[in-house]
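The two complexes that follow have chain A in common; it is paired with chain B in the first and with chain C in the second.
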Partner chain A sequence: MTPGLLGGITLLAALIFSVLGLVMGILAHTLRDGRYLEAAKRLAALTLLAALLSFGSLEWAILTNDFSVSYVAGHSSANNPLWVKLVTPWAALEGSILLWAMLQAAYTWLVSLRVGHSLDLWRAPAALGTLFAVQVFFFAVMVFVAHPFDAVSNPPPDGQGTNPLLQNHWMMAVHPVLMYLGFVGLSVPFAYAVAAMVAQRYQSWIFETRWWTLVAWGFLTAAIFTGKWWSYEILGWGGYWAWDPVENASIIPWLLATAFLHTAQVQERKGLFKGWNFAFITLAFAATVFGTFLTRSGVIQSVHAFASGPVGAWFLVFLLGVMAVGLGLLARVSSEIREAGEVRWRSREGALLAGALFFGTFAFVVVLGTLWPLLVEALSGAKVSVGAPFFNQVSIPLGVFMLLLMGIGPVLPWRHTNAEVVRNLSAMLVALGVGTLIGFGLGLTLGVSLAIGLFAYNLTAVGLMVAQGVRERARSLGMPAGQALLELAASHKRRFGSHIVHLGIALAALAIAFSQTYRVTEQKTLQVGEVWQTRGMEVRLLSIGAREEANRFAAVAPIEVRSISREGWGSDGRYQTRLNFYPQMGSPLATPVVKYSLYNDFYFVLMQFDQDKGQWATLKIIVTPMVGWLWVAGLIIVLGTVYILWPSPARVASRQMSPTAGD
Partner chain B sequence: MKPKYLIGLTVVAGALAYLIFGGLGQNLVYFITPSEYYQQIDRYQSRTVRLGGLVKPGTLDYNPQTLELRFVVTDGVKDVPVRSSGATPPALFGENRGVVVEGRFQGEAFVSQNLLVKHSETYQAPKEGWTPDEVRKLIEGTQ
Partner chain C sequence: MLRFWPIWVLLLGGLFYWGLQRPNPDELKSVLVGRPAPTFSLPLLAPYRPTFGLEMGIGERLEKPVLLNIWASWCIPCRTEAPLLERFYRQHKDQILILGVNVQDREADALKFVQQYGLTFPSVFDGRGRIGIEYGYYGVPETFVISREGTVLARHAGELSEVQLRAYLEQVLR
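Let's turn to the complex of A and B:
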């Protein structure tokens, strides 16, 4: 048995199991027979097994350099280091769809384990059926148009190699997997929403769906932040976000899932916003397919785009199908889920809905900006692109409003405002004013000063809320404040976790404001031994040399940096700036060296060097303040999410008692 | 819904629409080839455009002292000389390769602030005798 054969057979098996699972789901739903549901559960496990075997075969083929397998011949090389080989399955189209389908099978299997527990028998057939339908799509794409295991009749002695940009940093092993876990994870909330609408049970789905959405959201957040960091570490431009279509593709589902996470709380608590929740979750899942369609179809060009092919049309049809099912069902049930009460804007629910609408609007703007070039081309035939300035211009005011709402929302009570709330809001506004004025006092720009003010404002909001809870508990139970805080944090995980996440977001906004405003770039050509004084540093070019490595060849220019004034603090050290040459590329790939410090990041890039005599090298230095805190903020957000999700006896008990006790 | 909310909503929607469509109008960057430029020179003068083509062999010149990168972008029919101030990583950039430069025409030359290159997963071997159509196709895959 060759890996190619095993992979192809198991792939076909996975497709067949998924089709059977879909049929069983439909039978279980229409005939109301539990035996079909049992069969669907077994098929979920079988599909996962087949998908794991298929993925394993691809790894096997890559590790054993089996170039008779098309994917390996096209995207791997015998010279690649082991870790590159291990991550090669998701370095190109077919393999990444295989990873996607495998993760989809894993999620479906996890959902099948919930049947009979939290997923009741009325909703389970539709939920599993939806997931099987999604799975059928992915396996069918591979079997019919993007087969990773096609046989190569004359196997070449070596493959064409892996995209150098992808093997230049270990993040390749982390970021794509996180992104797929997030994207695929959103299929589960979608399946639950479809099941709720099909089974006409509009309330019970929300509790577990919120949990699944948070899982996917956590992965998406982690993926977005690691992607930013990767782009920062490797691309040599000193930035981390360019509003590239693929970056947009990751932020659109994130925004819509965020909107859902906020309105879902209102439904949990008061049974409102059912329609919004169905809509947000459908659109969030559709957005993941939309993103894949954009980048895999060749309609929109992007740095992440794989070669175009027939896959695009498949994804377009699938996207339309998802939208039609989700929104069609919503239209059908809309009269049954009409809101019972009116929304009170000056309460928690009002702030949550306003926040969700901002997230939805933001998502809409990003979609519009991403698709605008297509519209212009269709209408006038001109090729245009929408630049990053457009997105920045729109996202700054939207971001400011969201940061304002983020502070207000949790402070507002579910019922009417009272004196204490007014006092808290006044304190927050004072913090906003003082923070902004301090920024101005330090001579910072309006935007950055406002970011400082908003950070202080959100810090105050969280501080006041925590302090208030601790004070009340300490007083009523007569315990020290520290113990009260620990007990509250353990018993109100959702509330404390969301505080942590909100603080992370506020910190991220601060880091973005500083780094985008005060980034400076310096460039100079240095002779070997020459010293360059710039931005509080003394930079000496030590030598220029060459280095031979297994999969590449590198030009290395070591430099020595000493700080000579406050601006250069933290930059000291010896750094190996380098240009990597990969055999499959005609030109070198810059590999920046980044020195992190508490305030400034120092970014050294070798741009050019004297190829004849090795006497000079052109260096670029980028100094960016606070960008390191962006990664810290990402970590805080993910840790806050994990804190909410972390199972605890208290949480399980509270979920069973009442839907609102976890608040 | 109460009328005051309706008014508030209209104001917010109006501001947003202004922000979006005003912003879109100002930030559209046209994507042209050298031949298209010579057909409508006036239209593209002193506004930001993206010029796409191939780096003409033998024209790439880097001055280490001024950090200026000079090359000629061609679509097989027309050539445009480009000056780039070098604030660009050299990844995937080279002679006979597809390139997109973002910048403005200043007289005869194109002054680029930003050099975009194709991050393709497969290396496209250079070939002789490009036609504008092929170049168009190539640069549409380049950003």
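Let's turn to the complex of A and C:
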């Protein structure tokens, strides 16, 4: 048995199991017979097993340098270090679809375990059927158009190697997997929504769906932040977000899922916004497919699109199918889910809906900006490009409004506004004003000052909320404040977790404002031994050397940096700036060295060097404030999400996964 | 709105289907290839005026072959391309002229970009999108290779590599 053969057979098996699972789901739904549902559950497990074996075969082929498998010949090399080989499955198109399909099978299996528990027998057939249908698509794409195990008749002695950008930073081992976990994770809420609409049970789906959405959202958030991090540490231009179509593809589902997480609370509590919730979930999942379509079809020009091929048309059909099913069902049930009550704008529900509408608008603007070039070209034939300036201009006001709402929402009560709320809001406004004025006092720009104000405002909001709860509990139960805080945090995980997430977002906004406004770049050609004084630093070029490594060749220019004033504080140290040369790439790949400090980040890039005598090197230094805090903010957001999702002791004891605990 | 969902789906599908059918823009040959390069003259960015005069562009007669490089300060591939172009220009400036055209940009940002990468090859500022009309470029960066006779020899959409630059140089010197 060769890995290619095993992989091919198990891949086909996974497709067949998925088709059978879909059929069983349909039969279970139409005939209302539990036996078909049982069969579907078993098939979910079998598909996962087959998918795991298939993915394992690909790893096996890569680790054993089996270049008779086309994917390995095209995207791996015998010289690659072990960790690069382990991540090579998602270095290119076919392998990444296999990873995707495997994760999809895993999610389907997890959902199948919920059948009979929180997923009732009315909705289960449609939910499983939807997930199997999605799975059929991915396995069929591989079996018919993008087969990872195609055989090479004349195996080459070595493969063509892995994409250098992927090899250049360990983050690439993590980022794509997180992204897929998030993208694929959104298929479960979609399946639950479809099931709810098919079974015409519009309320019960929301509880568990929130939980699943939050799982996917957490992964997406982690993926977006690690992607920014990778882009910052690798691409050598000192930025982390460029509004490239592929980046937009990750932010659109994130925005829509965020909108859902907010409006779902209202449905949970008051039964309102059913239509909105179905729409947000359908669109969020459609957005993941849309993003995949954009990156794999070459329909829009992007810096990191995969090679285009026949898969584009397949993804298009799938995208339209998802949209047709979601919107079609929604149109059918829309008359049944008319809102029973009025939305009160000056209460929590009003703030939540307003927030969700902002997220939705933001998502729409990003979609429009991404598709605009294609739309214009289709209508007029003219080629235009929409760049970062457009997106930055529209996202700043939207972001400010969202930060304002983020503070107000949790402070507003569900019912009527009372005197305490007015006091809290006044305190927050004072914080906003004071923070902004301090910013001005320090001579910062309007935008950055406002960001400081908004940070103080949100900090105050969370502080007031927590203090109020602690005070009430301590007084009524007669316990010390510390104990009251701990007990509250343990019993109101959803509320406390969301406070943590909101703080993370506020910190991220602050870091973005500082880093985007005050980034400076310096560049100079230095002779070996020469000292360059710039931006509060003394930079000495020590030498220039070459280094031969297994998968690449590197030019290394060590530098010594000493801080001489406050601006350069924290930059001290010796750094190995380097240019990596990969055989499969025509031009060298700059590898920045990044030194984080509490305020400024120092970014050293070797741009060029004297190839003949090794006497000079051109260095670029980028100093950006607060980028490190952006990663901290990402971590806080993810930890807050984990905190919400962490099973509480009571729930573990009763072996429940129901998401109804919390506030 | 929702009642008309099939129309929305069809419209989106139609747009993407058209997008897929369209030839790959990276490979698309410009209609200009083999034809005389459209002439233009645009104001130079301030740092180049002492050396090159107030305006520069493509005229009827050229002293040297030209690499017409369209760029913007907000474009990321342009940032990786800029040092490469600069190095190439320093090596080959007696054989070929690199003429940058800054598009869809603010002049202040363009100046910062030029300063940041220490670009010595001249760039003009196209505030009114003239180049877009004359040359029909797809995006930034994009480069047109123009022979000494003023004929467009090639068009390159996207970032250039050193190898491609050398190939274009050989092509114009041939």
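Heads up, the rule we're going with is that the second predicted complex is superposed on the first by the 650 of 663 C-alpha atoms of A that agree within 3 Å, B and C clash if a C-alpha of one lies under 4 Å from a C-alpha of the other, contacts with A are read in each partner's own complex, and residues count from 1 in each chain.
As a working rule, a contact is a pair of C-beta atoms (placed from the backbone, for glycine too) under 8 Å apart; a residue touches a chain by one contact, two chains touch by 3 or more.
None of the values given here were measured: they were computed from a predicted structure.
Enquirer: So, on chain A, is it clash or fit between chain B and chain C?
Expert: By the criteria stated at the top, chain C and chain B clash after superposition.
Enquirer: In the overlay, answer first, second, both or neither for which of chain B and chain C A:Q611 touches.
Expert: After superposition on chain A, A:Q611 lies in contact with neither partner.
Enquirer: Residues of chain A touched by chain B versus by chain C: which partner has the larger set?
Expert: B
Enquirer: Contacts for A:T521 in the overlay, against chain B (first) and chain C (second): which applies, first, second, both or neither?
Expert: both
Enquirer: Taking the superposition as given, does A:A324 touch the first partner, chain B, the second, chain C, both, or neither?
Expert: The answer is second: A:A324 touches chain C but not chain B.
Enquirer: Touch test for A:H75: chain B only (first), chain C only (second), both, or neither?
Expert: first
Enquirer: Touching A:G312, do we find chain B (first), chain C (second), both, or neither?
Expert: Only chain C is touched by A:G312; chain B is not.
Enquirer: After lining up the shared chain so the two structures overlap, which partner does A:S385 touch, if you call chain B first and chain C second: first, second, both or neither?
Expert: Once the two structures are laid over each other on A, A:S385 reaches both partners.
Enquirer: Applying the touch criterion given at the start, work out whether A:G236 contacts chain B, chain C, both or neither, answering first, second, both or neither.
Expert: A:G236 sits against chain B and chain C alike.
Enquirer: Is A:L368 in contact with chain B, with chain C, with both, or with neither (first, second, both, neither)?
Expert: The first partner, chain B, only.
Enquirer: So, A:V394: does it touch chain B (first), chain C (second), both, or neither?
Expert: It touches chain B, and chain C stays clear.
Enquirer: Determine where on chain A the residues touched by chain B overlap those touched by chain C, and list them.
Expert: 235-237, 298, 301, 303, 383, 385, 387, 389, 521, 523, 586-587, 607-608, 618
Enquirer: So in the complex, which bits of chain A are touching chain C?
Expert: 235-237, 239, 242, 244, 293, 297-301, 303, 308, 312-313, 316, 319-320, 323-324, 327-328, 330-331, 334, 371, 373-375, 377-378, 383, 385, 387-389, 521, 523, 586-587, 607-608, 618
Enquirer: In the complex, go through chain B and note every residue touching chain A.
Expert: Residue positions touching the partner: 5, 16, 19-20, 23-24, 26-32, 48, 50, 62, 64-65, 67, 86-87, 89-94, 97, 119-123, 126, 140-143.
Enquirer: In their shared complex, at which residues does chain A touch chain B?
Expert: 74-75, 91-92, 160, 163, 165, 235-237, 298, 301-307, 345, 361, 365, 368-369, 372, 376, 382-387, 389-390, 393-394, 397, 521, 523-525, 579, 584-590, 605, 607-608, 610, 616, 618, 620
Enquirer: Show me the residue ranges of chain C that touch chain A in the complex, using the header's touch definition.
Expert: Against chain A, chain C makes touches at 2-3, 5-6, 8-9, 12-13, 15-20, 22, 24-26, 72, 74-77, 79-80, 83-84, 87, 104, 116-118, 136-140, 157-158, 161-164.
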